[in-house]
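We just call them A, B, C and D in the order they show up, numbering each chain from 1.
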Amino acid sequence: MIKKNGKKDIKKVVLAYSGGLDTSVIVSWLIENYGCEVICYTADVGQDEELSGLPEKAKASGASKIYIEDLKEEFASEYLYKLVASGAIYERNYLLGTSIARPIIAERMVKIAQIEGADAIAHGCTGKGNDQVRFELTVMALDPSLKVIAPWREWDITSREDALEYAAAHDIPVSSSLKSIYSRDRNLWHISHEGGILEDTWTEPAKDMFQLTVSPEDAPDEPEIIEIEFEQGKAKKLNGVAHSPVEMIRVLNKLGGKHGVGRVDMVENRLVGMKSRGVYETPGGTILVAAHKDLESICLDRDTLHYKHLLAERYAELVYNGKWFTPLRKSMDAFITESQQYVTGAVQLKLYKGSVVTIGRKSPFSLYNEEYATFGEDDVYDQSDAEGFINLFGLPLKVAAIRDMKMGLPIDLTTTIEERVELSKVPMKKEL
Amino acid sequence: MIKKNGKKDIKKVVLAYSGGLDTSVIVSWLIENYGCEVICYTADVGQDEELSGLPEKAKASGASKIYIEDLKEEFASEYLYKLVASGAIYERNYLLGTSIARPIIAERMVKIAQIEGADAIAHGCTGKGNDQVRFELTVMALDPSLKVIAPWREWDITSREDALEYAAAHDIPVSSSLKSIYSRDRNLWHISHEGGILEDTWTEPAKDMFQLTVSPEDAPDEPEIIEIEFEQGKAKKLNGVAHSPVEMIRVLNKLGGKHGVGRVDMVENRLVGMKSRGVYETPGGTILVAAHKDLESICLDRDTLHYKHLLAERYAELVYNGKWFTPLRKSMDAFITESQQYVTGAVQLKLYKGSVVTIGRKSPFSLYNEEYATFGEDDVYDQSDAEGFINLFGLPLKVAAIRDMKMGLPIDLTTTIEERVELSKVPMKKEL
Amino acid sequence: MIKKNGKKDIKKVVLAYSGGLDTSVIVSWLIENYGCEVICYTADVGQDEELSGLPEKAKASGASKIYIEDLKEEFASEYLYKLVASGAIYERNYLLGTSIARPIIAERMVKIAQIEGADAIAHGCTGKGNDQVRFELTVMALDPSLKVIAPWREWDITSREDALEYAAAHDIPVSSSLKSIYSRDRNLWHISHEGGILEDTWTEPAKDMFQLTVSPEDAPDEPEIIEIEFEQGKAKKLNGVAHSPVEMIRVLNKLGGKHGVGRVDMVENRLVGMKSRGVYETPGGTILVAAHKDLESICLDRDTLHYKHLLAERYAELVYNGKWFTPLRKSMDAFITESQQYVTGAVQLKLYKGSVVTIGRKSPFSLYNEEYATFGEDDVYDQSDAEGFINLFGLPLKVAAIRDMKMGLPIDLTTTIEERVELSKVPMKKEL
Amino acid sequence: MIKKNGKKDIKKVVLAYSGGLDTSVIVSWLIENYGCEVICYTADVGQDEELSGLPEKAKASGASKIYIEDLKEEFASEYLYKLVASGAIYERNYLLGTSIARPIIAERMVKIAQIEGADAIAHGCTGKGNDQVRFELTVMALDPSLKVIAPWREWDITSREDALEYAAAHDIPVSSSLKSIYSRDRNLWHISHEGGILEDTWTEPAKDMFQLTVSPEDAPDEPEIIEIEFEQGKAKKLNGVAHSPVEMIRVLNKLGGKHGVGRVDMVENRLVGMKSRGVYETPGGTILVAAHKDLESICLDRDTLHYKHLLAERYAELVYNGKWFTPLRKSMDAFITESQQYVTGAVQLKLYKGSVVTIGRKSPFSLYNEEYATFGEDDVYDQSDAEGFINLFGLPLKVAAIRDMKMGLPIDLTTTIEERVELSKVPMKKEL
């Protein structure tokens, strides 16, 4: 029933379509090679591209129909805000901007395939990247009866020149814009840059590559202070003004971009086994994540915070690896939602020349209490408790040391004992 | 044998001595209250304070002897460089500057107590902080036959005024400098600031509080690019010039400080159970940690890197909690040492207005290979492998989905199905 | 407000009361030393002791009132069944029978203290055990305005003889039963044994110490096969008959006890820092945990299962350490509840001579599919996918090896290369 | 250079050879299809099969040469003893008997391929199992210039009948023994059983399937007590007699087998994505693992023990997934080796009717001290320390509760407040 089928079995395909050269060629190629109807699907996840001419373009390429959907609100509220709450950052740097956008798009394509009675999903991802996995895992998780067609793993086209040639030969309209040397992905959350001069890990990214952020050197000479208010882990207000998730991210993108905030330049481990260099601009996201983290520092107790840090490492792997529609991600989100109950409050941040710095945080649920932390007496913390605490907290060390002493085992007074003995004789004693 | 003793049993005490008001008073107080001989111990861990007058001061306070030791080289090579290799950062922010300095000092005090035949260690840490734990755990781990005296948990002095009064009454020489409103700890690695206006978590630190770093706003308008070379995880050269660990950190402190790099403002969870606000300046350390992390990104494989991130969380807890001389820390260091075998190479970083950004990294052992990651064909990665990989990587999702389909279970197409059905009808443009 | 008070501030105390020698003495001692009213509280958590005479006993000891509550249903459904679902086992052995009973009792005492307007809680736990922590953490978490009185940490009574003497001197009625040499705790879930000959870790527990289970040697010579049905992780039926959680555990206790199932003999790490020997009998719990684990093996996907194992380690620490009423435990339970959605099905187990062995498991939600796992062809798994999978799964190893080969680095062909070369020459038979 | 080659490039192949039907057919098939020379390799890892006739058999099947190597000592000391020290158990049940044997065999095949100048490795693993991955990852890690040939993923033979037909047609000598209905793998450590009636997860394994262990019902009616001595985590003596690792495992296999110890029946998650039922007999291994775990309970401190449990989960995944020759496994082994420094001592165990129970453990390095754990006073543990410990250990809970009280937040007195209020009124007996 759920078998891999030959080409002849494919009658109707839903294609993730951008209107660019590659997906335009794919429309035609699918029709030519699979003899199938092609339905284009374009999601607006905030990539800020002109979508108005797409129906005509798709038609000209041979598609029978096109769906264009605005997914921005759902993307922001059901994906990005969950990501912020999770604290997940892939390999300590990457805010997962591309990874997180794939499941929502693929999930909609499955839905449309079901509505349309299509029997396959097609995408324009290459065979070396992570996105193919993210698309296909979502399809497998939501409707494994659908086949997946990944032309880049199948056809003979291996360069832009090949694709242009194919387009010319098949009367596919191609916009005249020159292909960037970079491979990019943009949405509401970020833009990524790969390829070109970035492939040499020793080379600094070129200044003109960046699109959402100015260079820190070109950012304003005056810092800008902003205040973000959260309710249960979700950003609700900026500088006192309420914003929907989409608006919040957009406004923060502008602010962050203006101050050069949110650039990341890293070498990361792709799921498919090799390392790749990626440069990311996530201006608003970087601010949100910084603010949320800081708010958690006063609203979460230590045990929860430390455990959540561990969980975030795995959550980041799940998102990066395309495992959004999985029981583990959902179970983790149940954990996270529960943990965010009291993550309500405000954070002040300073944006300046590429950096975002938290300068204040407050919450009605704050677990920080000036009184307990300071030197003097208070009603809650009795300093004499410390002795008992230390004695029991360190008891296992003491028990081991007593054993060592009784057995005449060398107790580790670091490095070479001989050196230390010498040290203890010579340079030390300044006597009186 | 290893019993807590009454005051009468204490004959000789080794005191962690700084020459400041507090520890000067403690010398006298110990003699008065315990009737014991007091030996002062002062470690030079790079705090950059004048140590030349200490013998006279200690004598004037009543001490019988003073040991002054330069621990900087050992501190840098055996503690700080291990910390860098571990990647440990407490609560995602704190580079553990104070925490890491306590075990080395306490370990030396134990050694000197053994040489001198002392029966107790004394320290000037308060009863609300972490340092008392770090000092005392080290003593418990290395020589549990030694008692610990913590005057701040014992005496009636609860303010600077009390201490001054005591000093006056006991002819203890006190330097005239005004006590800072901040509680500070400085060493080769960092300076910390607590107290004063920082106790309001909503208040930004005052500009004049900082000591090792200029404000980013006051930093040079021109970025500075530096290059650090590592061998097996250890920084060896800066801009082509070899430096000992101490020199490396010192030079980086100057560079970082000049560019406003390495400030952290956070609310952290103290081991003793409350939250506290801390502001840290770790200019050189911040650069080193950033460089090392980036080098690992090309030298470590994914499995090792991801696991090491988890291990670093626990390692940070151990260091923060004073558990340096423990089997777990040593076992973790064995792991880390093994993992650093190939962490050799160079990193270029840009320092500018408070931020440190990596702009290049290279290694003879780099696992990054331009050829594998890019679009085109190569000898190692066969794109057709991706299909098989995805099919098996996602098989568990598929198996679950097939089960769900067979059982008629709702497959999760996110949020409310009703809304989605509506959505799929209305806002989508079905054109052509 | 929430200050530690002196004795004079205590007017009314709620005491965890068992009717035994120790708590009877405590009633009197509290009145004598604190001049307060004492309200006794006894929870029935399935300890199977006679509770009928308690009101009289309590009165005779001086208590003003007694509350006796049956908490068994809540204990079973809200604590024990959650524990089973979590898979938590402390130090791989201990099913947490004592630990899990403390929060529910302490929580009720807080409630009663609030109803009664009491200002303190008292318990009879010693100063060396875990239970004092579990009781007191619950009080701290639920009503920190309540003081805690722990007579064993305060008074001079240090032996049974002391206590008997005190009882005689104060006309406290004492039952004539001889004190066991063991320290025990029993409830619906288990009985624990400590002390006596167990204190020598080299000595086998005496046969007559056990109370809930026969010795495996004395168990029936015929195995008994049982079947447990779960719904969403909760045991609902035994051998086809529905049981409430309390009844389920009781019946399984009898079955397990009859076959010598559920004994554990271990040295564990107490929270307060030392190791102690404990022997536990948890007959029904052992069966339930075994059955639940096995059912999860077919109902949970790999990612969820493996992560849940890690989470269970921390969950066990939380329960053992008395941290039930914490945000982390609640967040973890949110995770667990979500994960149990499809843990529905039946497990067959064989009880025989001390062991419980699963012999069958089935579920309508089973992710096991005979077809996929077996040798032959099927519709879901295409064996040719394996090559691609392996190539990418192992790609990081390959990349590293290629680097090593290019650099002439020794590739690790285990241990000593020299030995291996020798080995490869000599003992191998090159024939034909 | 390291490219996948076509068949024509393969000149010489090293084949993992058992002499059975499948690998005999493979010899011939390789020659026929690849036109290459085939060198057979047979490792003795304790599978207890007759190896004497293999050279003749291999020759008759067309092989040019055969290597037969005894790897038992290395397998036991460098693999199995490390596994025991790690505490790794896959999915809480499987002692990794098959997984752990693959890397050592594949590593030798790589070595021989290098000696012989072969250009490929071939194995007889199917395309649905884990073993193909373990073999091929080892090759990728040690010599990625070698190709891998996996006939079962390539040829048309899909059943025993096909294979017999092929053998007959090619004059391959086949032993007359009937093929078992089970798929099995045996070595020094264990035997595994898959397939046949086991494919129904609800069916109990047949009694006559087992080969290393008697049924518990058929085991002796008298328990047998044994004593194992370890040095630094390695078993050295049994009942006072020194044994090499191989001998130790063999003798324990007999003892365990005699008493029906070491059977596991489980559904596990294969690396390649599906679940499978496996039944294992690991008599000696089960005893060793139980003994080692118990010894660690007295020799490791809590922090190390708990962390090692987490590490063991990942270690088990690595071994199961064939990632032996990886930096992460080596780094973990560095951790483990360090942790085993004091795991020296003796354990007594009772074998009886299918179960192994520890009844005593002792060590010169034991951290258990009767004195500290018991009720009375001692020199090390001061019961009055407990109050301070609890106060600080629970401080975060208290701080949160004070916040909640100040804000009028509902403090969680479990489940439904309404029910509890009712409960507190009704079923409680307020007497006296």
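Keep in mind that, in the parts below, a residue touches a chain if its C-beta (ideal position, glycine included) is under 8 Å from a C-beta of that chain, and two chains touch if they have at least 3 such contacts.
Values in this document were obtained by computation on a predicted structure and should not be read as measured data.
The chains touching chain B as well as chain C are A, D. Two chain pairs, A-B and B-D, are weighed by contacting C-beta pairs, with A-B ahead. Computed centre separation for the pair chain A/chain B is 27 angstrom, with centres defined by C-alpha atoms.
If each chain is reduced to the centroid of its CA atoms, chain A and chain D end up 36 Å from each other. Remark: chain B and chain D have CA centroids separated by 38 Å (rounded to whole angstrom). Annotation for chain A: residues touching 2 or more other chains are 2, 269, 272-275, 301-303, 323, 326-327, 330, 366-367, 369, 372, 380-382, 384-387, 389, 392-400, 402. Note for the complex: chain A touches chain D at residues 301-303, 364-367, 369, 372, 380-382, 384-389, 391-393, 395-400, 402-403, 407.
By the touch rule above, chain B contacts chain D in their complex via residues 1-4, 144, 269, 272-275, 300-301, 303-304, 307-308, 314, 318, 323, 326-328, 330-339, 341, 379-380, 382, 392-396, 399.
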